[in-house]
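Structure in structure tokens, see below.
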């Protein structure tokens, strides 16, 4: 097995099923996306990763939609195809409109541009920012 | 001149001063940070970059604070020291609390982690996300 | 020709064939993967790249499997699809088990996360690390 | 507070102290490095991050030194200054010699090079790797 | 709509058509590539991005082919599949030969390698470079 | 020794001195910059890296200044501080003017922006580019 293998619900162990159930309950969906099926090859990683995400993405000082858009912004910056597809869908589900996506993308693009201008011109941090 | 050189307001051309003035007026500050002073070496780049940022960061479908936090999330992902310092300060000024920063950082960290898990396990995009 | 073109063994020059032969002999395989066929468009690059890799990946202070896993960790971090597929296969061939892959992926994911936390919180290097 | 702030042991809450104690006990050291002091601003992130790292870096299918070197390889690829300094020190402590570091760096450099050659030449994944 | 949607010329607004017309006239082509059709979902982003690129890629102190090769070098470094395909084609059209592409790729690969060696060995900037 | 250590000419072995001499002769300088002094800790890496760079950066289908600017563009994209400083200096020495640097930086910034827009909008490669 050189490539990926997905663990489907029906073939999963009780331990993995319990996590799959929690994912579906938390997200109010009736299916599991491939990311979790791939992680399920290693139940310990599945458990740790899901529990971290569940804690991090829960409502808090930031609204869930804002968190999801930040997640998407990072995925776009890293150019992770799977992550862009899945987190665009997740943000849509949480209420991201076309106009919000367009603005998010504009900010992400601009930030990636000015990050290089700042580094390339070797700009020193202003005392006011320290 | 192998390194950076900053254009200070008092030595700037009228064209550059006009942009510096607009930056200060738009941001309601009385000083110009080093990024713009470095870009001012090339007035055309200064003008284009400022006008793009002014347009992109204006209130729209997303609130200015949300845009600023997305900008910061990208800068952290790219590990741009100058940009992290300046956009953390900008987000603070727009109302980012300690709790919001902590949640932003947690999301950015997690997204950078799962971006690699998705790519590393060669996970295929679910039909539901297409 | 805007895209890639692969040089097959049977159409290759004597110079390229000699390198292809060395690759197969060193790796104890009877086929050449696409990466080398693409590089063969420029025999000088093919030669330099192969000789560097041959030298670097040979047994030394680090075991070949450890080197291969480091190669994979970098490829996952850079999210290079081709490289992830080829170096996962190569590491498998050298003895990487499912458990080892799962641990490697967990470390890579965690490192990508904490790299951003360290940068994002602008953490200064401890004197003890200097 | 636009920049970082470190939570020192003596000013930490009982909850944070307990984690600091566990870090020192697990790593057999008598001091806490700045990364953890910065994370301690958000006790929940501190706890989650430490527990994840503790689990991931424990001996398993891969030896602790191998894991530490993979961590370092990722940090070098991402060019995270703090992380390179801290994980070089950690790997040294676990037994990484000068020769091992030199080989690790050579592999990391080469992987970063060939990742771009594979992507740049738009090389398709061989059927044998699927 | 979770994924992309392309705006074709015949369904475009007058505002978008005017930009499409300018892109074709400037580039002396009779078709629009998918990148612009995707951006056209947000006419403001389309306009701003096209005007910036038009200004930046025009002949100046650097020849258009040199600019196009720098664009390609960045795209290869970021491993952006779409961008590598489109900018390789654009550079070909402007005169990039097989030999030039091979040399560009060699430089990009080497730079990505030595960037990590410099960072990994924590090399300090020489006074002569400041 | 957790951090860097530089090998100075006077303490170098005959093997390392020969390479240092070749670097200075090829570049027509009378000093060695820190990058090479750091690599000299591992003479084999020093030799391999120098010979590769010497071959790659020699005049060919691309002029040395163009190659140097491509090297700089990659270093800016990767935000490698040392590399930006050293390759800006090298490009200056080969004739890069202020205007050329400004145009290079504008292209690098724009490419980093549009790379994310193309990935973020999940744009498919046009048939014409294949």
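Side notes on the structure shown:
As written, the chains take the letters A, B, C, D, E and F, and residue 1 is the first residue of each chain.
The working rule: a contact is a pair of C-beta atoms (placed from the backbone, for glycine too) under 8 Å apart; a residue touches a chain by one contact, two chains touch by 3 or more.
All values derive from a computational prediction rather than experimental measurement.
Note on interfaces B-F and E-F: more C-beta pairs are in contact across E-F.
Averaging C-alpha coordinates per chain and comparing to subunit E, the farthest chain turns out to be D. Because subunit A and subunit E carry the same sequence, their contact can be compared by residue number, and under half of the numbers here are used by both.
Residue-number overlap of contact pairs with C-D passes half for only one option from A-B, B-E or B-C: A-B. One simple way to say how far apart two chains are is to compare their mean CA positions; for subunit D and subunit F this gives 27 Å.
Averaged C-alpha coordinates put the centre of subunit A at 34 Å from the centre of subunit F.
Residue positions of subunit D touching 2 or more other chains: 2-3, 41, 44-45, 48-49, 52, 56, 77-81, 85, 88-89, 99, 102, 105-106, 108-110, 112-115, 117, 119, 121-122, 129-130. Across the complex, subunit D meets subunit A through its residues 2-3, 44, 48, 52, 55-56, 129-130. Residues 72, 76-77, 79, 81, 84-85, 88, 105, 108-110, 112-117, 119-122 of subunit C touch subunit B in their complex.
Taken together, the subunit C residues at the contact with subunit A in this complex read 79, 85, 88-89, 92, 98-99, 102, 105-106, 109. Those residues of subunit A whose C-beta lies close enough to touch subunit B in the complex are 3-4, 31, 33-35, 38-39, 41, 45, 49, 52-53, 56-57, 60-62, 66-67, 69-71, 73-75, 77-78, 80-83, 85-89, 97, 99-100, 102-104, 106-108, 110-115, 117-119, 121-126, 128-130. The touching residues of subunit E, when paired with subunit A in their complex, are 1-3, 41-42, 44-45, 48-49, 78-80.
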